[in-house]
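Okay, so subunit A shows up in both of these, paired with subunit B first and subunit C after.
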Partner chain A sequence: MSEQTLTINGVSIDHRPGETILEAARRLDIDIPTLCHDDRIEPVAACRICLVEVEGSRLMQPSCHSKTQPDMVITTESQRVSRNRQFSLSLHMADTVSDRTIAEDANPNRLFELADIHGTAGLWPHVDSPRQGRPMDVNRFIHFREDRCIGCALCTRYCDEIEGVTAITLAHRGALTTISTADELSLTDTTCELCGGCIAVCPTGAMTEKAALAYGKPEKELEKIRTTCNFCGVGCQLDLNVDRDANRIVKVTPPPPGTTVNDGNLCVKGRFANDFIHHKDRLTEPLVRDADGVLRPTSWDEALDRVVEGLQGVVTRHGPHSLGFVSSSRCTGEENYLFQKMSRAAFGTHNVHQCAAT
Partner chain B sequence: MTNSIPEIRDTDFMLVIGSNTSEAHPIIAMEMKQAVRRGAKLAVADPRAIWMSSIADWHLQIEAGSDVWLLNALAHVIIAEGLEDKEWIAENTEGFAAVKETVASYTPEKAEEVTGVPADMIREVARAYATTRKAGIYYTLGITEHTTGTDNVYALSNLVLMTGHLGGPSMGMNPLRGQNNVQGANDSGATPVFYPGYQWAKDEEVRAKFSAAWGVEQPDVPGLNLNEMMKKVGTQIKGMYLMGEDIVMSEPNVGRLEKALNDIEFMVVQDIFLNESCRYADVVLPAAAFAEKDGVFTNTDRRVQRVRKAIEPPGQARADWEIILDVMDRSGYENPPYEGIADIYAEMASLAPKFAGISHERIEDDGLQWPVHTMDAPSTIYLHKGGVLRGKGLFQAVEYRAPFEQADPEYPLVLSTGRTLYHYNAATQTRRVDGLTEKQPEAFIEIHPRTARVLSVDDGAMVDVVTRRGRVRCRAMVSRQVKRNTIWMPFHFAEARANLLTTDAGDAVTGTGEYKVCAARIEPVDDPDVRNVFPGSYQTPVELTAKQ
Partner chain C sequence: MTDRRREEVLIRIEHAGGLATGVSNDVHAETGVPEADVYGVATFYSLLKHPSEIRVCQGLSCHLAGSGEKIDAMSATDTPFLAAACLGRCDEAPASWDPQGENPLPEVHLTAASDELAINLAGVDSLSYEGLAAAQDNGADWVIGELEESGVTGRGGAGFPAHIKWRGVANQPVTERYVVLNADEGEPGTFKDREVILKRPHLVVEGLAIAAQALGANDIYCYVRGEFGAVRDTLEAAMEDATTAGALDTATTWHFVDGHGAYICGEETALLESLEGRRGMPRMKPPFPVEAGFRGAPTLIQNVETIATIPSILTRGGAWFRDLGRTEPGTKLYCVSGHVQRPGVYEAPMGISMAELIDMAGGVVGTLKAFSPGGASSGFLPASMINVALDFGSLQKVGSMLGSAGVVVLNDTVDMAEAALVQAVFFEDESCGQCAPCRIGTQLVRQAIERFRRGDSDALEHIAEIAPGMEQGSICGLGQAASLPLLSAMKYFPNEFESSVHT
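Up next is the complex of A and B:
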């Protein structure tokens, strides 16, 4: 074991080859702000907000990208560092919507959150950057608002490196740099798998959920309820964003990367396939079939009596093993427990099986 | 899964067999992509050229249903070249000699004839698997949905046992469960052979334990599994209670089942939508969706995680567990006074040692992976650490058996079914999401370009898919994803139900239907107007009409 060390803000820490300054600082619980960085994605050092001072180096170093060296002496908080942060924040803010209410009308805005903590170098005149949007993109889930894009390319890098489909790319140059698809096609006509990862990584809400945008309540006014996805067996954790007053799920967001089994990722089903919950076809009252063969709405009281009568009638005529109980792997563990208990304890048969075949 | 999802990214070799991972388990596929990017080797065994095969080092494009041949040939190579882990086998396993003898005749050359996979590729994959320490096997329904499903699983586990790829990180034998809580429903005892926590129902002591705990003498008549139950609908089975399950959409050979359902005396369906099975129901009970109730789901890596109520259910709909409690109550069974869902979990945990250390309180922030035997024990991240659980790992020699139905002159093609990224099972949920229906509006059948040409079928034309059991009309999608003799269709669509076509021949042990292979033919449809007959838009399929 090498006992080589380095120093961050005067505290000594062991040197781990290959580690970035950002990672080493985190081990000391030192927070270095970042904007264009995500642990799942290769660092590109584009936003310049994570610059720190390294003794002996004339230029400040991007901590997300620079690897630590033995005996390095690093300073993450100084006048120079904070002047740079404020300067960079002002620069980015001049490139996007500067009215905070508008900037946070849907998704949270990391730029303003960082400005709250670190301050800015003042509000600069808006940079005229006629980025192109994709107003013709008819996909129903993801909307790109070019006026909020700061060109950090987290979305395209996520799409490329994590989702692995490269549906969106950086297009044009300089101030015109924008996010586009091949031939400006609608996302649904590209390799896009509608995972929504580009929305989750976007720091300014330039990538946003179409439906939630139309709904009109900003994310910060919604209540997040952590739950488990009800589709496949991966068991992704997700946050239902609920408008309490309206008893409505407005959208689904992934928990932060590194905290759950899905590492901040979701697929199209977990993220977007939730309309069914509020669908008009939902059953809202018990139904019983009358002698005329028609199902008619009724009270719980009557329905439950009919269930018990019906099942017990079959038992009386043919015995308990003429009943079959089929449960669903879509129901909870407790529900499946009670269901087999009902079959075995209340009706006396082992004829109980979940439908896991498909 | 013996191992965990987050371990996948650190693996060095993956054999993905019978799993269209990028569509069925997208987030696991992401982990696999990451492993590949790190330099891990990937072998994909699948009859279709699925997306994963496009990033694979080897695509073993096997004939549907020839899995045992392939797997035994891999074992053959490993043994012939002396790559098995002799020490590990001696210490941890039983029955290796029999497997060695059986696979001796499964040479790669003969395997090539049956499976269509080049002998050299079989050799390469066998070597890579056997000589890589962090090597994992991942499989799903492509392995189990056969009459030989259990054999396939044994053949896979033989490979794991002979190489000792068990009991360490990023390896093991990893079934990827298709539905959110397949694992959890099994764990809870929703299976005729087990009480909660995999305690055998045939074991007298176990029954005595539950008789005492539940205060009712437990039946000693063995129960029917789903496949048997469905075959006995109308004969032995006269009454049914379906909770959240649409058997009319999801069971194989459903035409026969639908006839039988008319002979049933009483049926309850409890679901969030009027599903197809409701046409036969006497009572329909409105249930809450997952976002409207509390509880736990257990995912494919044995992780017990919380489900939380975020909103109120619509109208009078109620959580399934509340409904069951009422039915039990009215039928005269007295449950202990549960104060909430956590108490129900606690009752189960108290009766099942594997979950004894799990409670709602402990999983408030993070899930726990069972087994967790005590309240202070940690998650079990991978199984079989320090030796195979329960003593010795048992080798099971298996011989190849042909699928129940094979192509013949009358039905010259092999039909396989599966799911797509954008829909989910019977699609009662996903087809009610507009954006998804747009991406994939209607049923289709994949046909190889050459086969299509021989049959004079154009891309996008309507065709009939015919098997011995039924006929379904859908759109032809000419595609090189399938082999020439194979056709493939998704099973999500009510107006073109793939399960009218599939056979209900079940696996001898588990009863799982052979959804993956049956013999079929394609008949072009002449009518030029037919394109408008199936607009593919979603229509509520069930009316409140009389039993048929």
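Up next is the complex of A and C:
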């Protein structure tokens, strides 16, 4: 049986059943812009920017959703296709914050990035849609800014399909379509797990981090420093978004989907549990108690000597099995290895445990 | 089983008295559907979101009959009310409707009874069910063959040949199949399905029974417009009478489902979403419902009028039906409203001219200026085109459509920009909001007309760019047609769109 093929921009490619036009085009390194699509989520073809021409079809087809067929003849670059891209961009811009500085005041804005590449059909009057926000939602972490939402439903689909939580939904219809919780409750009064995924997938910064917004520096002016989350052993990669001038971590974002083990996802701890870093009560140097029980700063050498002295005293008085070692789930695998080694080799007990093991 | 329980979401919200704080949580507890999801569904449907407010129609026919003044007068009182997009009562314009009231319908003008009409609204409904008997005797191939011979096309708006859909379902390699009646009639200017069910419910019940029998479906779903309470009861009562009379196969289960106030649920895949307990957002096609419809199974969805033609096609023959038409097969129900002497539902040979139809409706009130031949989605045609044949092909050729044959007549007192505005408001209100060209485009169109009417003569400039984008890019027919009223008004009445100041 001869292999079935299809053609994209004149280039022939093998047909793989079930593949979308977008996926097939990627195999040929052909870039088709999308706004409402994420590879992890079922396509809905709502933004219409990815429409391409398919021979024999009167209307252009959404490449994120349309499956390829054998012998299909697809054109992803033509006047008609680029007109529609520009139309879509102008359309969305008429429905979101049109001043770029304001539009990029916090998170990056995919709309403007795409407009840089593809151009627009011009600036149309702003529609000032009647979409409602949730002023009563007092959660401390995530803010929904209705004035920049473009109704792509990436946030709700992420929450539903990836997080399996469905704390947020498309609500109302038509021009009133907005993102809401049940009864407009605060996110923290819903099933929301504060994973922050809705922020990560939002193309316009309509879903945004409250604290970073208050801090006031746009994400593009922060330096991303890749590290491993140390809250648990999964090894999620995360990007610390650092304000170099102030030597501050402003927020944490996940690396793009498909690039690291966590595939663009984080949990509440990796995403939001970082305010201890700059907390005033945080210990920044070793402390030991002096004779009258008051903590005073000291050197690591003295502090470690005190630990050794105390632990060995217990072993001398009660034997090695009177000791038990519990390591934190925030330790890396390597640290945990050293920890059990210390317990067994240095102190002679296998009373050693890692807190995430139960 | 969560999926089946999800189908109860809408009715449970209705039984809870509509959306109120806590209702989503209760329905979540009863069905297992996430609370936010329930809330999203409830807020989609006007009758769930606002279950008690009186509706005052602001559709085109009602607008022509002075609904604007009626709305102003209501605003001056304390009675809570909502301006509604269309109530399906264009013949009694300006219409209103009380969700808690009886809402009796006035007698409507009909074509006189005749044997040479496929539906014959003024005829006598009967329990004989001869068409069903013939279908049982002769089998599915014969039934579908007669449909093909008759040339009957979908009366819901798309004009798609019925036999192709029937054969499509019949050929599916799955035995779970469904028949769905689309009685969600919501296109402004259209009130024929309402009359078919009120006057000839047995034609509908028999047509559905034939479909279920021929296609091997065990379940029939009748999705009836929520504002049509009495209509739904009439249909259900007819089904019960037919069952009592022994005319129906008792193995078939009939389900009567109320719509909850969303025009878009007349679109077949949005209707399926609604039946499944979701927001009525149209699905992407393919797959088409004949392949994967209700619950993912092969499904025949047919308009009330289409279904009602089936019994006579089977008893009198496909060829008889075909010959009834002038330019295309069959007779057709035309709803006439607006500036005519006798608004009503007239059954005439397919392809009757606009001039003849106006005569049937007693002539124009005043001087004819324009008409809308097939609901809001068909745009406007000028008086000079009065001889156009009202059929699917002829109207498509002139850039319009027969659609649901909701014909609205406009006399020379009408300002075309205002008429276009009324239609634009309708589409903006009824867009499901799923896709950007429609959700944002309908706002841009409505606002451009408003700015123009306030004296900004450049306000319509960007419409030339936006309208084709909406037509090309929207997921469903609503967004694809939504700029047509404005475009056609601008095309045929250019002088009304040169700079001018309106109030």
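Definition applied: the second predicted complex is superposed on the first by the 291 of 358 C-alpha atoms of A that agree within 3 Å, B and C clash if a C-alpha of one lies under 4 Å from a C-alpha of the other, contacts with A are read in each partner's own complex, and residues count from 1 in each chain.
Note that a contact is a pair of C-beta atoms (placed from the backbone, for glycine too) under 8 Å apart; a residue touches a chain by one contact, two chains touch by 3 or more.
In this text the structure is predicted, and so the values were computed from the model without any measurement.
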{"item": "Which superposed partner A:125 touches (first subunit B, second subunit C, both, neither)", "value": "second"}
{"item": "First, second, both or neither for A:151, with subunit B first and subunit C second", "value": "second"}
{"item": "Partner chain in contact with A:94 - subunit B first, subunit C second, else both or neither", "value": "second"}
{"item": "Which of subunit B and subunit C A:200 touches, first, second, both or neither", "value": "neither"}
{"item": "A:72 touches, of subunit B and subunit C: first, second, both or neither?", "value": "neither"}
{"item": "First, second, both or neither for A:25, with subunit B first and subunit C second", "value": "neither"}
{"item": "Per-residue contact with subunit A, leading partner among subunit C and subunit B", "value": "B"}
{"item": "Contacts of A:349 with subunit B and subunit C, given as first, second, both or neither", "value": "first"}
{"item": "Parts of subunit A lying in touch with subunit B, wherever the complex brings them together", "value": "139-141, 161-164, 188, 193-195, 225-237, 240, 242, 247-249, 260-263, 265-269, 272-279, 281-289, 292-296, 300, 303-308, 310-315, 317-318, 320-358"}
{"item": "Footprint of subunit A on subunit C - complex, ascending", "value": "21-22, 24-25, 28, 34-40, 43-44, 49, 262, 264, 279, 284, 428-437, 439-444, 447-448, 451, 462, 465-466, 469, 472-475"}
{"item": "Touching residues on subunit A, where the partner in the complex is subunit C", "value": "44-48, 51, 59-60, 62, 65, 83-84, 87-88, 90-92, 94-95, 121-122, 124-125, 127, 129, 150-151, 156, 160, 166-177, 180-183, 190-191"}
